[in-house]
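There are two complexes below, and they share chain A, which is joined by chain B in the first and by chain C in the second.
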Partner chain A sequence: MNQTLRQKIFIFFLVTPALIILLGVVVYPFVYNVIISLSNMNLRHIKDWEIVGFRNYVKVFTEPSQPDFYVIFIKTVIWTIVNLFFHVVIGVFLALVLNQKEIRGKGIFRTILVLPWAVPQLIVALTWRGMFNYEYGSINQILGKVGLPAVEWLRSPTEAFVAAIITNVWLGFPFMMVIALGALQSIPHDLYEAADIDGASWYHKLRTITLPLIKPVMVPAITLGTIWTFNNLNIIWLVSNAGEPSDSTHILVSFVYKAAFNFYRYGYGAALSMIIFFILLIFSVVFMRKTKVTEAVY
Partner chain B sequence: MNTRLKKYWYDTRQVKTFRNHHLHAAWFQILFSLLVLSLLIVSGCSRKNDGRIRITIWHQDRPDVRDVLQKQLDRFMVLHPEVKVEQLFKETEELRSGFIIAAIAGQGPEIVYGPSDQVGPFQVMNIILPLDSLFDKKFTDQLDPKALTYYKGHLYKISDKLGNHLTLVYNKKFIKNPPKTDKELIDVATSLTKDTNGDGKIDQYGIAWNYTEPFFFIPFMTGFGGWIMDENYQPTLNTVGTVNGLKFVRDLRDKYKVIPNEADYNIADALFKDGHAAMIINGDWSWAGYQKAGLDIGVAPLPLITSTGLWCGTMVSPKGFSINSNITEEKKKWVIKLIEYLMSEENQLEATKTLYTMPTNKNVINSKFVQSNEILRNSQIQIEHGNPMPVVPELRAIWDAMRPSYQAVLAGSKSPEQAVTDMQMQAVQRIKEMNE
Partner chain C sequence: MNKSRTKKLIRVTFSYIILIIFCIISIYPVSQVLTVSLRPADRLLSTSLEIIPDNATIANYINLFVKTDFLRWMWNSLLITASVTLTGVILAATAGYGFSRYKFVGKKAAMQSMLVTQMFPATMLLLPMYIMLVNLGLINSYLGIMIMYSATALPFCVWQMKGFYDTIPSSLEEAGRIDGCSQFQTFYLIVLPLAAPALVITALFSFMSSWTEYVVAAQILQDTAMWTLPIGLKSFESNMSTEWGLYGAASMLVTVPVVVLFLVLSKYLVSGLTLGSVKG
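Take a look at the complex of A and B:
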């Protein structure tokens, strides 16, 4: 056995376990989902399904559904952008505060601020749902104390959607904070000292040192955050109690869940999930390219 | 040794060390993977090869029901040490979707336990067995006919509990005689809706329930003469009965102001438990919990609607056992034996006494305990006022069509007349989509 062949066998053995796991948990389900999306699998054809081409994809875009696909898509985009905006702004702001030398008991603050992330989503969602109750919820009671009128959080479509967003913002900012804090701590202090010597202001240092140097860490985190938020079934499903009121708080992923598991439309659900996949794939590629995240910064 | 030779010797040694290190790492990785794999195989084998027949039951029952079931399973396993029976709780939707996925893949529990509306989809997907030939007539004759769920001419579920139905539950601290008609209900609820501390806010409501969920609307729909589908399983939602039922619920909140502004299941349940609601509309599954919470409760049939002369009838669904179509012949005989055991007179009486659920065994129904118990007697009356829950898959489409428009009426964004038209249209559309 020559050297090259031995080396190839060696590499093969190294890669094989990971490859088997990847094939089992990623490739196979993905390919199976593609096949199902091209089939008529539903309640009446669960075992005897057959390939019907792109019929399900056409249906997603053309079938008059209640609620409408395009309305849900716009809501999903709003849901994702608003959530990500607050996750990043609150997360980076708190990281900047925690990164200050003068602050004492950083560990305690950090632990408290990370807590929302550590609590199971189910508990968070149901607790917030209780807090949004019109008469007994703490949110309206606080509003009442400061002289503001009570809001019908869960009875009106817009307010219910806002309630779900507030819950998810609370749940999501700690992740961005932890990431931003890690990035901030890796910035060499010499840069700030040099800037101080040049007489740079706080804002100037933020714009020219801090933000460019945390960007390579934040962009992948934002990309991940976008994918997670876009696909966050738990919060929207539990806070709005499966799309209440009147199916007006759905995002695409809750709509897929409903189509597949409430109405047994597996082919249609698979096609819709493929569309979500392509939306997120295109977003990720474009976002990573535009932000030039892969380029070196130092 | 000259310097070049030394360097060569040193470099070669370094490369060898490096290679050996990586070879060791690779071997370690391979051995570790093999170890994990063999552990998995061994653990899998040990589960199957402990010499006992394993039977699994999936159900969606609450903890106190699980405790009773476990006692009965333990006794069964003492009688039959060659069998190991495990119960596994699944949330209702998870049970349904999980069982479908598992059974389609040729897996899943041997027994699936739940309400009768599972039968339709499971039968259409061919994932549960017809039970006609598995249980003899002598056994089924002991049961109330309502315990036997037939679909397309075959028996698919045998139930040990009747009901899963809604009733009027009242706190005896506030109410001595429960209301019998809609007018009495409004009067009693009005008198018990109070601002007890004078802050301008209501502290105690006359009645509360999960009024945003269509299942809880059915009593009012039937009380005003409506029903959800005809004998061909086509929706019949756009009726005067549905319109009047919607108006009645809306009036309770907006005109009489005797129910909370917002109430889902948990809120209504908490209000009743904390004494902030004098009455609640809730199912037989809740009674034991209220008693455990220290409430002195009474159970009464839901009221008569005076304008129609009809009782508010709920959906009545037996809860029972179906068998996975993937079951092996060897396990089948044990599953039959187990179901017959769990359905026995002794076990049904035990469950009835602990949980206040309505049994299906005729002897237990006629027993002194059931006949003399006020809660169970009234529960039986409510069952008689109710309608059997349809088992067809179309029911799911109807629920889903009802929900948005029903909630829109409560939100004030739709009139009841418009809502019933939309419900009907949506139900027809959804049934078409499901069956295409």
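Take a look at the complex of A and C:
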């Protein structure tokens, strides 16, 4: 058998199984989702649905629901930015602290600090929910011990949202820390030595050596982190117990989950899913273009 | 010289203080779960801040096995997780290699679409697949949930593996080919062992995502006998009466294996997590 044919067969066997699965479980549902979004499918019309055009999309933008699309969208943006900000700042900061050559017991510190990442999100969410309990939760106990008034964490909209953010910040910083540590370790040490000879300050070295050199690794991590946070259903859903109090603690993805699976509004849910997807797609394309880091990927 | 030494001492001391504070923040919520799981039944809603409570008891753990379907759920979770992890790792290891080493029609489009799947909100696949599984009669079945989990995990796994293979120089395979290895042998005997850190991380992520997944499972597995650990766990926590003791004990048993696995393998995280071959 000739060489190139054999190679073709080999590639075929390597790649085809994964591609078939992706076609079946990603491409097909995607197309199906587009169709549902253009239909009037709901619990009453699950078999005898028909195409109704863009009615569901119009509904997403115009339906006077409580809360409406725009409020939730803004909340989602706040949720994403605040979370990412703390993830990156805490993560990079801890990586810098941990990467100093004088620190002993690096392995132990690193192991303990990745713990929030290791704990299952479901348990993180439910445990923090318990800790935010007004009467018995340890957060209010601790606030009481230092003389601060107890907070009604889960019963008022703003506090519940803050509680969800605190929970998500807690579980998300180790990922950024690990990525930043990896990046820091790849910076050649002689760069710092050269800077020391020039008498550069700590801050100057951070601005001109460390940050620019970890940027190529951090940018894709931040992009992925943004997408994951924007779409993180678990934490908001479980900490606020499905949007409590009275559906005021939603981000887009939890709102659409509720519309689809608690209210059986399939067409509407599918349309809103498409809108969320396009928001993220546009964000990623613009962000990646601007930063030009994934060009090496293909 | 002395001045700079004091400065250094202050910096190192502050570093340790910061690290210790963050370690406490990391450990504290986990210690809470342990506390709740050890509390005796009459003191579940205690306001004490001790980590090991007075009269600590393992009654909650015993009740979990005697009074609930915990073993059944654990079996379901093990079965589903093992199949999903195995499928994910095998497919990602082979497909990632193909994507890394060879050119073929549609490669770029396939890579891009895998990246794009990360932007799908959970409902985007869940809703159509849910309706699809209803129509196929696969609701409340192992196969249904396995398909769902593989679908969501596979793109990231392939991407992750492809990124790692890219960092392995192909001169190694050329040397192997000259020594008379077949294409499969070079892959299996030379490349795959070198990719061990990425394989470990890919397996770990697949394992973690299906072992602890709740929102998808809650829609697809509605029959109590089919429940996985996360659904069972959530059932202890309800608005009317939360069974904190059972919840704590179950949480510990779900968390400990994952945490141990994660911490043991965490040394591979730095080298195995490549985020799609972007080199620092």
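FYI, the second predicted complex is superposed on the first by the 278 of 298 C-alpha atoms of A that agree within 3 Å, B and C clash if a C-alpha of one lies under 4 Å from a C-alpha of the other, contacts with A are read in each partner's own complex, and residues count from 1 in each chain.
Convention: a contact is a pair of C-beta atoms (placed from the backbone, for glycine too) under 8 Å apart; a residue touches a chain by one contact, two chains touch by 3 or more.
What you see is a predicted model, and the numbers here were worked out from it, not measured in a lab.
Trainee: Should the pairing of chain B and chain C on chain A count as a clash or a fit in the superposition?
Mentor: These partners clash in the superposed model.
Trainee: I'd like to know which partner A:Asn262 touches here: chain B for first, chain C for second, both or neither.
Mentor: Only chain B is touched by A:Asn262; chain C is not.
Trainee: Is A:Leu22 in contact with chain B, with chain C, with both, or with neither (first, second, both, neither)?
Mentor: It touches chain C, and chain B stays clear.
Trainee: What is the contact status of A:Phe10 with respect to chain B (first) and chain C (second): first, second, both, or neither?
Mentor: A:Phe10 sits against chain B and chain C alike.
Trainee: By the touch definition at the top of the document, which applies to A:Pro188: first (chain B), second (chain C), both, or neither?
Mentor: In the superposition, A:Pro188 touches no partner, neither chain B nor chain C.
Trainee: With both complexes superposed on chain A, which partner does A:Arg44 reach: first (chain B), second (chain C), both or neither?
Mentor: Touch status of A:Arg44: first partner only.
Trainee: Check whether chain B or chain C contacts more residues of chain A in the superposed model.
Mentor: Between chain B and chain C, C touches the greater number of residues in chain A.
Trainee: Looking at A:Ser156, would you say it contacts chain B, chain C, both, or neither? Reply first, second, both or neither.
Mentor: first
Trainee: Looking at the overlay, what does A:Gly130 touch: chain B (first), chain C (second), both, or neither?
Mentor: A:Gly130 contacts both chain B and chain C.
Trainee: Using the superposition on chain A described above, determine whether A:Asn241 touches chain B (first), chain C (second), both, or neither.
Mentor: A:Asn241 contacts both chain B and chain C.
Trainee: Classify the contacts of A:Gln66 with the two partner chains as first (chain B alone), second (chain C alone), both, or neither.
Mentor: first
Trainee: Where does chain B run into chain C after the fit on chain A, at 45-53, 99-107 or 117-125?
Mentor: 99-107
Trainee: Which chain A residues contact chain B in one complex and chain C in the other?
Mentor: Looking at chain A, the two contact sets intersect at 10, 13-14, 17, 46, 126, 129-130, 135-136, 241, 261.
Trainee: So in the complex, the part of chain C that touches chain A is made up of which residues?
Mentor: Residues 8, 11-12, 15-16, 18-19, 22-23, 25-27, 29-30, 32-33, 36, 45-47, 49, 91-92, 94-95, 97-99, 102, 104, 107-108, 110-111, 113-114, 116-129, 131-132, 147-148, 150-151, 154-155, 158, 163, 183-184, 208, 211-215, 219, 230, 233-234, 237, 239, 242, 244, 247, 251, 254-255, 258-259, 262-263, 266-267, 269-271, 273, 275-280.
Trainee: With touch defined as at the start, can you tell me which chain B residues reach chain A in the complex?
Mentor: Chain B residues touching chain A: 22-23, 26, 29-30, 33, 93, 97, 100, 104, 121, 124-126, 201-202, 212, 260-262, 264, 266-267, 393, 396-397, 400, 403-405, 407-408, 410-411, 413, 426, 429-430, 433-436.
Trainee: Would you pull the chain A residues touching chain C in the complex into a rising list?
Mentor: Going by the criterion above, the answer is residues 6-7, 10-11, 13-15, 17-19, 21-22, 25-30, 32-33, 36, 41, 46, 90, 94, 97-98, 100, 102-103, 107, 109-124, 126-131, 135-136, 138, 141-142, 145, 170, 174, 178-179, 181-183, 185-187, 213-214, 216-217, 220-221, 224, 227-228, 231, 233-234, 237-238, 241, 252-253, 256-257, 260-261, 266, 269-270, 272-274, 276-277, 280-281, 284, 293-294, 296-298.
Trainee: Going by the contact rule set out above, which residues of chain A touch chain B in the complex?
Mentor: The contact residues of chain A facing chain B are 10, 13-14, 17, 40, 42-44, 46-47, 66, 126, 129-130, 133-136, 152, 154-156, 241, 244-248, 258, 261-265.
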